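Presented sequentially are two complexes of chain A, the first with chain B as partner and the second with chain C.
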Partner chain A sequence: MADRSTPRGSRWIWPALAMPGIIWVTLLFVLPLYVVMAILFGQIDPILRRPVPVWNPVKWNIIQFKYVLEHIVGSQGYFGPALLRTAVYVAVASALCLLIAYPVAYYTARFAGRRKGLLLALLIAPFWISYMMRMLAWINLLQNDGLLNRTLSLGGLLDVHVNWLSGHAGTVILGLTYGYVPYMILPLFAGLDRIPVSTLEAARDLGANRFEAFRRVTWPLSRQAVITSMLLTCLPMLGDYFTNDLLSGSPQTSMIGNLINTSVLTPGQTGQAGAFVMIVLIVSIVPMLLYVRANREGEAMRS
Partner chain B sequence: MTPPPARRRSRAQLSRRSLLARGLVLGASAPTLSALLSACGTQLYTSGNLVIASPSHPVRWPVHQDNPAIESGLKPQAGSTLRLYSYSDYINPQVVKNFEKTYDVNIEISTFNDTDEALAKIASGDLSYDIYNPSYDQIGKMVAAKLLRPLNHDYIPNIDNLWPNFTDPWYDQGWEYSVPYTVYTTGIGWRTDQVSEDIAQRDNPYDVFWDPQYAGKLEVIDDWHTAMDMVLLRNHIYDANTAKSADLDLLRAQLMDLLQVTRPKVTITMYNDLPSGQIGLCQMWSGDVINSIYYLPKGQSPDILRYWFPADGRGMVDNDLIVCLSGGSNPVAAHTFINYMLDADVAALNFSYVGYQPPQKSINPKTLVAQGYAPPNLATAAVLPRYFDEGVHLLELPPTVDGQWHEIWQEFKAGG
Partner chain C sequence: MSGWWGNPWRRPRVLLGFTALYVVWSLLPVLIAVMFSFNSGRSRTVWQGFSMRWYYGDPLRSVWHDPSLHTALFHTFRLGILATLITVPLGVAMALGLDRWHGRLPQGANFAVLLSFVLPETLLAVALLFVVTTVSGSWQPLHLGISGQVAGLVTYQLSYPVVIVRSRLLTIGAQYEEAAVDLGASQFGAVRRVLMPMLVPAIFASAVLVFADVIDDFVIVRYLSGDSSTEPVSVKIYNSARGAPTPALNALASLVLVASIGVIIVGYLAHRYFTRGEDTHKRGIEAFASEL
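Take a look at the complex of A and B:
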């Protein structure tokens, strides 16, 4: 009965409004995922050793996925350390990003005043330069006779010969932090800028000092922005491989992105790259769900 | 061997773009999607046993009736485009210009990083390249997949300019499909300002890669077979294509040991990293060490560079080829180009830029230094014809053995 009372065509309005989202998800997520799975569970050409995707899920073969899983833990688990390394690098780099980005975003949102626009433009400036160029710049700074070693040697007084680019975890983490920190500043700024100043004034009126006001008001209200910005940086870091390729190149700092890259380029192993992609996907879906939950809670709190 | 005709026809009739457009119009319902993706699927090249050529098993590849050589006596079409698929900086731009001027044919160059990647793209059939520079271990599969066009020898009289052992090579008897482009060895390059010892004087020069004093200062070549065979050569195992489990166990153990002891960088940029001083020593191709002279910082003398390859010739020797691809649309110009590249003067001009030596009779390896192609301290980078009888060849491996080798390489690249 209720249906009949609704105006004509309204049955289609909501699905129609949802269409852009559905098309977006289909084209950019479902379809690529299906292709990855068709390759992961597909065949290998016996002559050229290229992957031959199998599009019919009934005929899928899990042998390559099984191979990867079997080599993550146990006596043959040589992928395990690389996965663990990825988790550690990404966690440390994200934490560093947050340590740098939060104060910067906080200052810009609260204290920049009239210069807010200028500061924001400057913060976005690194985006104007390609990621690869920024990493290549680090090579110049970190190479044996680069600026860093020259500075550390106080212009030649001390004998400093640190090979920063020869497989140091610290260098790779630095690269990741530097590369992805702008991605964190912007959402953090957006979140912090939205917090009404009146809530802070209320906290101060009620006797909170600056620190207490931050701890009890600003931080809880910005938590959602922190989660968003962490996700925005963690996810691309998880698949990153060229930061490591450029700043280290040593297998000892290999991350999951490097495993994917090597497998894709090795004839007969492309399916394994698909397996690693699935692992990244599964691992990254968990924080995504957490994010959605946090979002919902946030909305509930506001309403 | 022949792919299913229906699928081949569907490839010819539907471009990817039109498929995508149709898919969007139809809507992405599951059965449509599946059919859509099948249409742009990969061809499956099934065939009998893979034939592997080796010096002890020379192979004459079959010429298929449905993939014949071009007819004799044709001229390249004026104003047409010849498409080259090669490594970057693997041809002298001056040579390209001269060819374009002489034959009124435009040359378009696309580059790849490694031949596996290149082969995958060529096999996808979407790119109609005319000329490609494979290594000899790819010929068998490319012939089987009919990706190569047999050569019409009438167009290529300059083959007589080459070393005799390359006019009837074991990997392509009767040069049905290929001519050699460059020859090179794989040895050790170092710079004397960072490495005080003379590596060539060591009992076993390969040991330097496991010497902790060079930790963080060295690189090995990012090619599974080249890097892994160095471990075998260090242990005086001269079968670079071994399937023995004892050899492979040793290979695995020493490769992992290498990671722990010296943390080598795995890359192919040593032609830049060595002269710029980033590293002190590296596994190196002879062509790259000659190239590296041009990457030295201004004012730095090339005297500091050294290259070692076993004097008895028992190291890795290789040659790259020029082939004519069956998917190319300009085969006559391709034949003309191949002949042009084998001309003695053109080859010499090309060598002066790419650093990789052509197997030309006119270039005497013993006089490379006198002819100004290499400084005296890099005379060891000259490739001698006898190396091809004495040296170690990296051959294509049967799939199971290939899988075992790659598993070890994968473990190495994952960082252990």
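Take a look at the complex of A and C:
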């Protein structure tokens, strides 16, 4: 692209426009992450049980971080099960999301025809219904005397009293799937919609059957969209605690988000919360960088 | 049947069925929850007849009469309006600046904005909570409650206008602006009189998105809320859903739902109006969705 700065143009205008945003992001996004470190590696006021941040990195003390790390595995591994659970739940739920979202997005992009707009509107709708509302809807359905149990009992023929909402891993995983699947469909649809139909027609003309054409043309071409959409669902799930609180409420299904939430609200454990935040940040930094890179490449391709 | 299966160009009935099932599964539970907000009894599982009791009929526990419910509703909309009013100008200016200003600092800022889009929200919320509670001093303007909530929401939502406006700038290109400058406009004049009108659809779309997203936000607003007067609807639902709530809670959630969907529909119609002269093969919902 040609040099965008015009000979007469005043160059100061672009920095001036960008500056307020840059200052905002620095003060309220970059700096707060430093505050988390200052608290994690800081002290605790012995009487008030309040965190005392240490701003100088030279004086940082790793005792709180060490405490958390030491309690992940071993005989005192209180935190280990929750971390393992987080990995399993997030993996299973996002795999389910992909299994549901891919066919739906594929159908919408390839076959919906004139009804594409309407279908797309229906697929976007859950996106704009608050997460809490959608969880509330399931709480209503899954209650002891809720619709699900009544349907299962075939109108009173069978005696079904399943306590869906008290510590079932399945309920939590399905809740996560239900909650995050809309975030996956849109990027998948965008990726699949971009694939030219002519490539598929060529494959079919050259003798590939439906499944062959999918496996060797559509799937490889949509791989980038699959990765992006997986990231967009996995990353928020890592910090999720409310799905668990609402659909289970039992420590037997708690995830790392619950550990963060509990320790943030407990006096004296703020540093631990900081440690869990750091763990999630470290785990998610590579996927986040992947996402940013994919985004840049997409931008470069479009320009 | 075998003839249908053997036909290479058959209609994908299995996929159609699956998609239809998905739509039902994703929307029916919510529709049932909305339906029960009109229940005349206090059950949220057994239908006892239609009434507006939980909206305004009940003198004590309806949304209209229970102060804790309508305070939450007002606070939700207050946050939505304030956060949108700050996020959109800040983000649009930032997008324009970052698009044309090259260097380390803008590159880093762009990176940070994209990162904030995918960072698990809980992490940002905890970080901001730490800032508000431990960085104290009279110079520090953020407190638990509305100031902290708005600051957090703006930070989290800033990526929407930045990403949307920048992708629009890419499709517009530099030629219109260059033409304006060649014809004697100042750089600032070119931005204001040429670029801005072309950006209106993108700016509007991002405002709609930010507003609809903010009134549904939970994580940031919960950690940064002070007392019960600054708890919006989402926090109210979280706090009482597992207790024994009345259908008034469903009514409250339904009102926010109507607001979100309404804003999105208005946004969609306005987007269609703004782009009416555009020569694109995509219009309507598809084009609007591709702004997202």
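Everything that follows uses one rule, which is that the second predicted complex is superposed on the first by the 256 of 303 C-alpha atoms of A that agree within 3 Å, B and C clash if a C-alpha of one lies under 4 Å from a C-alpha of the other, contacts with A are read in each partner's own complex, and residues count from 1 in each chain.
Assume a contact is a pair of C-beta atoms (placed from the backbone, for glycine too) under 8 Å apart; a residue touches a chain by one contact, two chains touch by 3 or more.
The structure presented is a predicted model; accordingly, all values stated were derived computationally and were not measured.
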Task = Mind working out whether A:Ala87 is in touch with chain B, chain C, both or neither, as first, second, both or neither?
result = neither
Larger residue footprint on chain A, choosing between chain B and chain C, goes to C
Q: Applying the touch criterion given at the start, work out whether A:Asn56 contacts chain B, chain C, both or neither, answering first, second, both or neither.
A: first
Requested in this report: Once the structures are superposed on A, label A:Gly167 by its partner contacts, choosing first (chain B), second (chain C), both or neither.
Outcome: first
In the superposed arrangement, which partner chain does A:Asp45 touch: chain B (first), chain C (second), both, or neither?
first
Q. Is A:Ser250 in contact with chain B, with chain C, with both, or with neither (first, second, both, neither)?
A. first
- Identify the partner contact of A:Tyr178: answer first if only chain B is touched, second if only chain C is, both if each is, neither if none is. second
Does the superposition put A:Val73 against chain B (first), chain C (second), both, or neither?
neither
- Message: Looking at A:Asp145, would you say it contacts chain B, chain C, both, or neither? Reply first, second, both or neither.
- Response: both
Give one of first, second, both or neither to describe whether A:Leu99 is in contact with chain B, with chain C, with both, or with none. neither
Overlap of chain B and chain C contacts on chain A, residues 26, 31, 35, 51-53, 143, 145, 165, 249
Within the complex, chain A is touched by chain C residues 8, 11-12, 15-16, 18-19, 22-23, 25-27, 29-30, 32-33, 36, 44-46, 90-91, 93-94, 96-101, 105-106, 109, 111-116, 118-124, 126-131, 134-135, 151-152, 154-155, 158, 162, 166-167, 170-171, 174, 177-178, 181, 186-188, 190-191, 212, 215-216, 218-219, 223, 233-234, 237-238, 241-242, 249-250, 253-254, 256-257, 260-261, 264, 284-286, 289-290, 292
In their shared complex, chain A is touched by residues of chain B numbered 28, 33-34, 37-38, 41-47, 50, 114, 116-117, 119-120, 123, 141, 144-145, 215-217, 219, 224, 259, 263-267, 276-279, 399, 402-403, 406, 409-416
In the complex, chain A touches chain C at residues 1-2, 4-6, 8-10, 13-22, 24-26, 28-33, 35-36, 39, 51-53, 100, 103-104, 106-108, 110-111, 116-126, 128-141, 143, 145-147, 150, 165, 178, 181-182, 186, 189-190, 204, 209-210, 231-232, 235-236, 238-242, 245-246, 249, 257, 260-261, 264, 270, 273-274, 277, 280-281, 284, 287-288, 291-292, 295, 299, 302-303
Interface with chain B, chain A side, in the complex: residues 26, 31, 34-35, 38, 43, 45-53, 55-56, 78-79, 81-82, 85, 143-145, 163, 165-167, 248-254, 258-259, 262-263, 265-269
